[in-house]
Every structure is written in structure tokens, then in C-alpha cells.
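Note that chain A is present in both complexes that follow, paired respectively with chain B and with chain C.
The block that comes next holds the complex of A and B.
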């Protein structure tokens, strides 16, 4: 049996100020396992520690306690980094690059050879619907267009694990639907996806499993199928579950 | 590395940094020559021109490169882009190297542009000159043997014996560097030089007379070296070059040994004083001005390389304004440290705090010596040949060794420092 894609145990993160005084207990003992092929929804209200958890999974922040393993490897190892793609909460792009150059840049950082990188970039630009704007500087892009560029950049290295921090924030209903479509298609291709969001309605459609975070703790988790099966109102099953679990706290 | 080079190059080109450098260089070459005042000689005009025009362009390019370098990582971090780079498998050192190479490439384009205009303008400049100092033992060695002699002498006061050895040695070294040889009226004095110089065509003597006290008393005399002689008589200029011409009646000298004496015979009425380590050189023609310009450009580029690496290192560690401030302070300290050290020759009579400051200044001098010792602009201005060996040394240190260490350190910091993302 191979290692789970993500294995988090006893994870904690305390932010400290310059004088080393604790300012925020962002993550407070989380245990999670994400298996291959999961679309795992990390849900929770604002400030519950979702982004912080993701940054520790990516190795961008050092945990205060506990451990994170990706594919059984430490997140900062090169082998682990080679297998993941990351879409941050906001699309931080280099404004002077065009969409194509941006994707090519991230392809270059992922050690793709030039031919593959070019082909892959063209394919992804097409896929995210930016073909007409591929040669415009991204500095002038709208939020949704920028998000598409970021999406293409995250996918360019053909990651096995995709980490999406609020992929639908700031998108219009059509954009949201396209993102959901994309997630479903990638999941069907066998990608493992870790996604955070506030849009419970959308998450119910795409996630296979969810965990609810509150104040840096997991207050509920399970398979979406089971949650829906147990719910009275099938359409709002996840929302009701979310409210119920937070209510307990 | 390639991806980050392309990214940084595009950033510098598309944010018009390169354009700015080229335009500023062109403007300097267009307007600054009008301000150049010279002493009327073409050498004097050339010296002032080189210091004012390519010199100004050099300083401007250096400041711009440093400012850009100070923003490289800091800006990426402040705009949250660094996290997208470090989650990729590319090595952080490779990323840093790519950025640094892009900065060096931009600096190179601007410097070559400036050099090309300079070469065009000074196409009639004469060859540059090799400088040869007297073949004396190193000053520090003289100081050591002088100290040994002092200590062996029973009459030496107790205070000298108890003084810190390093302080006494540096005092004696400075004394040796500034030692005057006195040539009385009607007498001669000889200094050893490399004997192989005797066969060099176009040999000349450069002498600076009594520069320390600005006494420019009239003097007259004759230099002789390996069968060639040069009469001198002067009263106004403090530094003069005199070509040595073959003289039939002069003795051929002791050509068999490794050194050959340069003899000065004082035929005037005044005493002549010369510091052999500062005031006396033999000059031989080297290669064309353009070659020297090319070497000067390489030396300037090696300074840019170290500045870029240093700025990037700072920007990996701290925010852009702090990096910029630190970099400017460091540059000023680097430029001032040698004169601080030089102006405190009498170390034994200073207070502890002053000695402490001196020790720090001396440490800075040691660390930054390869940067501060290379003076491409003043060498170029004074027709001094930049020797290949010195150039190779400054490239080895400023382009390879130090930047490699600084970039490795910045890569380490980039990986370790939590990204200041607060979302």
C-alpha cells in the first residue's frame, strides 16, 4: 500500500510577533488524511486556519508542532514539490508578463523541457479559455482572467496533487461553474485535490470528502455521500452539516 | 535558472530600467563633456573627461543596479509571488543565480554602451602605461626587521616593548611607506628596479617631487638607468614624466644581476626629497587605450556583479527600504574605511574607543579590499594599464567567489524565512 497523498497529524501553528509573544493560534492540532483520487474540501469560517494549514502542507510555513507528509515525503523536499500544483488565494502574477509567458515561466521552474513546456502551455491556455488573450500582459487582466492564468500555471507541470485555496472567490457564476467543471474533469483524470472554500453549495457538488475547521481544529469530517444520505434537505446537506458542526463548538 | 533569468531580464527591460540606463548614459556623454575643464594638455583633458563622463555613467549604473537588486526578493515577497516560486521544484540557488545573471547582463549592456561611446570619442588616446615600482622588499617586511632591531637594542624604552605588537608594526609600515630619500645638491642616489626593464623601448621615469608639503622648489638633475639618461628641470609641476633616451657616454650599469639601479644625480642647488614607494616609478608603454578601456569595463562589471549579489542577499533577508538603506551605508563605509585606517597611523597614542573603531575599519578594509582596490575609472583616466593579473583577481573574487557565497546565502534565507503572507 502506498502512502496517502497528504498525511497531517497533530499539526499546530502559533503565529508570534517580533518579541516572540503568541498572537494567534491559527492551527491547533489537526489530523487529516487525503487519499489518492480524493477531492478533499477544507471548509470553515474566516480565520479558522484553512490557508495556514495549506501553507504548512506546501512547506511555506514551518509548523509549530505536529507533522505533514506529502506522498510520504516532507513538504520541503524537491521530490514532493515536483508532484504538486498550487493555486493561491489571490492571483499574484507578474504584471509585465503575458499570459503565455507566465505559464511558460512556471513550466521553466518545474524543470519541463522547452518543447513539452510550449506544448503544455498552449494546451492549457486553450483549456482555460485564454487563447485570445494569450499575448496580453496579465497586469491588465480582470480578476477572473488572472485566476485562469494562475490555474494554468498550477497545472502546467502535470501535478498529482493540486492545492486550491478558494479557487472560486471573486469569480462570477459562469466562472465558478467553469472552475467546478475543471475540478471535476481533473478529478476524473485521477488527480488528488485539496480545496478550501466558503461556497458550501459548490463544494457539495465537487468534493468527495470534507473536513470542517473551526478555530484551528477539525470539528467534523466525512464523505460527502454519507453527509448527503443522512440529511433531510438533500440540496443543502453540506450547509446544514456545516452549521450543525459549528453549533456544537 | 533559465526561467528566472528570463523573468528578471523581462522585468528589467519592460519596467524600463535598461532604457533608463541607456538614456542616462547617452545624456551623460552628450552634455557632461561641456563641463570638463582641463589644464590645457590633452592628457589633462582626457583625465578630466574620463572621470566626469564614463565615471558618472559608472556611478549611475552602479546605483541603479544596487537599487534593483535590493528590491528583487523583497518585492516578490511583499507581492506574495515568492511563495509560488518556492513551491516549485527549481532550486532556490538556481532562481537566485538567474536573477543575478539578468542584473549583470543589464549592467553589461549599459557599461558596454558607455565604453563604446568613450572609445569613439577618445580614439586618438595614446597607449596606456605599465607602472613599475622600485624593487624593494615589501613595506611590512621592512617594518618587521625594523621592529626586531628595536627590540634587540637595549636602549629601546620600555613603553615601546610593552606596546601591542600589531600597532607598532602598522606604525612602522606606514613610516616605511612614507619614508623620504634625500638627495643633496651635487650628490646622487640610486634605487633598484627590475633589470629586464632596461631593454624596454619607450621607457620613462615618473617622479613626484615633494608632494607632501606642496613645496615645489625648483630643481635640476639627471636620471640614468641602464645606459639611458633623462635630464629633468622643473619648478611648477609636482609630477613629471621624462623619457629615458640612449646616451653614449652613460655607463651600462651592472646588467648581469636581477636588479638595475635608477640613479638620480642632483645638479641643482636645492635638496630633492623622494619617497621611493610613492613618488618614483618607471613607465613602459602597454597596449592601446581601447584594450585598457575593455579591461576597465570588465573591472566595472565585476564591481556590478558583487553589488548585485550583495543587494540580492539583503533583499532576501529584509524588506526593500531596509535593504536599500543597509546597502547604501555599506557602500559608504566601504569607501571610507581605507581613509579612516590611513588617517590613524599613530595607533599607540589613541584611546580605546578609537582603537576599536580602527579595528572595525581595518576589518572592513580587509573584507572589501578587492572591491575598493580596483579603480577602473582612475586607472583609465591616468593612462595606467590595468594589469591582467589584477583584473583576473577582481573577477575571481567579485564575480565568482563572493557572489556564489552571497547567492547561496540568499537562497538559504529565501527557503527558510516564512513568507510574510497574511491572507
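The block that comes next holds the complex of A and C.
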């Protein structure tokens, strides 16, 4: 049996100030396993530790305790990171680069040769609906358009694991629907996806498994299918489960 | 190599795409070209004022340009989150840091090319102007007019060209301005040659070409501060970095800490060119080697700082 795509055990993260005094315990002993082909939703209220967990998975933050493995490798390993794509919570883009140049830049960082990078960029720019604005600097883009560029950049290297931090944040209902469609399509192609979101209704549509985080701990997890099957109100099953696990009246 | 090129290209582009860069390029080049106009103070030698202006422009305007660009390329990327997005790819942190600083150094090299060509032309214009005035051929103005006209004219044309490119081809204005201003300077030098009284070849031979390697040596000294600014901006915000680099530059004039910073006096070879002096190649070589060692030191220091830096 192959290793899980992401394996997190006993993960902890304590942020410290300049004098190394603990300021906040963002993640407090998380255990998670994301298997190949999963669309895994990491859900939770603001400050529950979702983004911190993702940044430790990406090797951008060093865990205070516990361990993270991606494809059985440490997160800072180049071999592991070569197989993943990342969409940050905010669309961090270089404002002076055009949409095309931005995707080409990330293609370069993924070590794609020029011909492949050009072809892949053209394909993705078309796919995210930015063909007409491909040569405009992204600094002048709306939040939704910038999100599309970031999405294309995350997909440029054809990753096996896609990490999406709040993918629908800042998108209008049509944009949100397109993102959900894209996630479904990518999942159907066999891509493993780890996604964080506040949009429980949307997550119920796309996720195969979820974990609910609260105060840096997993307070509930399971298959979406099972959660929906057990719920009285099928339409709001995930929302009800979320509220129940957080102990909100 | 592709990763390095992608990172350094974006750093160079960002350095040149900032409005501050275009302003600094223009200010530096006009300062150099117009220096011969102030002919009442020539430091006892025609052309010396123009020559020293060129070196000062590289040191002051160039250093401000490159330091600001290095802070943006490293600290700005960390603050903006683009560093995290890049480092989530298979990009080693040391490669990221070195590539970003190299990109800024490439943009600074463009500044060096522009300043060097402008300084050679302005120095020649000043020398020939003084010679003509002493011979009674030019009564008031001690400047070789074709040199001044070509220098200032093509500099302004470059700026207008950038505006036109922006208007009709949607090219980035500041980036185009910096590139065109840099290209305009060697072009001005070439365009002025046919107007030389001694013929094109003789005029070219009369020019003070040792200015170019002497400016290169100074640029090597400046590059240490670029690497220092990059390394500091891994951990600090732009204001403290600017203060520390400014302090380091002053320190290197008055009390050089040779193990960490360049001794600017060793890189300031313009005095050696005074009075028809020749380029001290041995000293230049030693200064370049010292700068290379210090740049390497700050690149390693910056890479190590970035290795340990958390990117929330």
C-alpha cells in the first residue's frame, strides 16, 4: 500500500515574540491523514489553526512539535514540493507582472522548460477565463481575477497534491461556482486536494472528507457521505455537524 | 538554473518597474550631463567636476536605487507573501535569496552602464569645451556643445520614448524609461563622435575610457551594500534596513570594519585619474577581490537568515 499523501501526527505550533515568550498556541496536537484522491476539507472558524497547519505542511513554518510528511517526505524536501501546488489565502502576486508572466514565473519556479511552460500557461490562462486580460499587469486586477491567476499558477506544474487556502475567498457566486467545478474536475482526474474554507455549503459539495478545527485541535472528522447520511437536514448537513462539533448552541 | 533565472528576472523587473527607479535614473544622468555647465568650479582641471559627478551619482543615486530594490526584492516579497508562494515550490531558500540579490545586481549593472557612458561623454564635453574657450573659439560657454546636446537630448528623448511605448504598446512606463535611459547614454556617446573636431577615431581616443573600469570598481563596492541590504531585510522592516545600510555606508568612509564592510576609499579610484593619471589595475583587482569576498559573506549570511525565517 502506498504512503498517505499527507501524514500529520501530534502537530503543534506555538508562536513566540521577540523574547521567545509564547504568544499564541495556534496548533495543538493535530493528527490527520490525507489519502490519494481525497478532497480533504480543513474547516474551522477564524483563528482555529487552518492556515498555520497548511503553512507547516508547506514547510513555510517550522512545527514546535510533532511531524508532517508529504508523500512520505519532510515538507521542506524539494522532491515533495515538486509534486504540490499551492493557492494562498490571499492572491499574493507581483503587481508589475502580467497574468501571462505570472503563470510563466511559477512555471519557471517549477523548472518547466520554456516550451512546456508557454503551452501550459496558454492552456491555463484560457481555462481560468483570462485570455483577454493575459497581457495586463495583475496589479490592476479585481480580487476575483487575481484569484484566477493564482489558481492558474498553482496548477501550472500539474501537481499531484493541490493545497487550497480559502479558494473561494473574494469570489462572486459565479466565480465560486467555477472554482467548485474546477475542484470537482481536478478530483475526478485523480488529484489529491487539501482545502480550507469557511463556506461550509460549498465544502459539502466538493469534499470527500473533512476535519473540523477549533483552537488548534481536531474536534471532529469524517467522510462527508457519512455526515450527510446521518443528518436530518441533508442540505445543511455539514453546517449542522460543524456547529455541533464546535459546541455552539 | 530556470528557477534562478525566473527569480532574478522578476527581481530585476521589479527593481526597474518602480517609479522611484525611473526618477533616480533620470536625476543621476541629468546631474552628470549638466555638471560641465557649472564650469566656474572645476577643481583645477577641466573635466574633473564632470568625472567626479559621475562617480558621486553612482555612489549616491545608484546606492539608493539598488538598496531600495534589494529591500523590495527580499523583505518586500516576504511581507507581501510572494516569497511564501515561491518557496512553496521546489525552490531552495538559499537559491531564492541569491537569485533575488542577483536580479537587483543586474538592474544596478544597467545603472552602471548608463552612468559610465554619461560620465565619459560629460568629462569629454567639459575638457573640449575648456580647450575651445582657452583657444578663443567659444567665448562664454566652456562646454563642447554636441556632447551636451546629445547627452541631455537623448536622455529626454528616452523618457518621451518610454511614454510613447506606454501609450501605444502598453509597455510598463518606468521599466521602459530605465531601459531606454540606459540605452540612450552609449548612443549619445556614439552620436556625439561625428561632431568631434579631430575626427571620429581621434575623438574616441581622446575620451577618458579609464573612467569605465574605475566606475566598475566603485560599483563592486556598492554591490556589498546591496547584498547587506538584502540580508538585513530578511529579518527587518524597510526603515531599519535603510537606517542600518546608511550607517554602514558612513561607517565605511570613516571607520571601516574590513571584515564586514568595504572601505569605500579603496573603491574610489576617481582621484587616481586626475591630471591624466592612469588606472591602478593592481589596486582595482585587490578591491574587486575584497568586494567579491564580502558579497559572498553577505549572501551566505542572508541565505542562513532566510533558512531560519518563518513565513506566516
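Before moving on, here are some points about what is shown:
By definition in this document, the second predicted complex is superposed on the first by the 247 of 249 C-alpha atoms of A that agree within 3 Å, B and C clash if a C-alpha of one lies under 4 Å from a C-alpha of the other, contacts with A are read in each partner's own complex, and residues count from 1 in each chain.
Note that contacts are C-beta pairs under 8 Å (C-beta built on N, C-alpha and C of every residue); 3 or more make two chains touch, one makes a residue touch a chain.
Just so it is clear, the structure is predicted and the values come from calculations on it, not from any experiment.
After superposition on chain A, the partners chain B and chain C are seen to clash.
In the superposed model, A:210 lies in contact with neither chain B nor chain C.
Of the two partner chains, neither chain B nor chain C is touched by A:237. When the two structures are aligned on the shared chain, A:135 is found in touch with chain C, with no touch to chain B.
In the overlay built on the shared chain, the residue A:113 is in contact with chain C alone; chain B does not reach it. Residue contacts after overlaying the shared chain place A:97 against chain B and chain C alike. In the superposed model, A:81 lies in contact with both chain B and chain C.
Chain C runs into chain B after superposition on chain A, and of the options 80-88, 152-160 or 224-232 the stretch responsible is 80-88. Once the two complexes are overlaid on chain A, the chain A residues touched by chain B in the first and by chain C in the second are 55, 58-62, 78, 81-82, 84, 86, 88, 90, 92-94, 96-97, 104-111, 153, 157.
Residues of chain A touching chain B in their complex: 51, 55, 58-62, 76, 78, 81-82, 84, 86, 88-90, 92-94, 96-97, 101, 104-111, 153, 157.
Residues 2-4, 6-7, 10-11, 14-15, 79-81, 83-91, 95, 415, 418-419, 421, 423 of chain B touch chain A in their complex.
Per the touch definition, chain C reaches chain A in the complex via residues 2-3, 5-7, 9-10, 13-14, 17, 80-82, 84-92, 170, 172, 175, 310-312.
Taken together, the chain A residues at the contact with chain C in this complex read 15, 52, 55, 58-62, 78-79, 81-82, 84, 86, 88, 90, 92-94, 96-97, 104-113, 135, 137, 150, 153, 157, 163.
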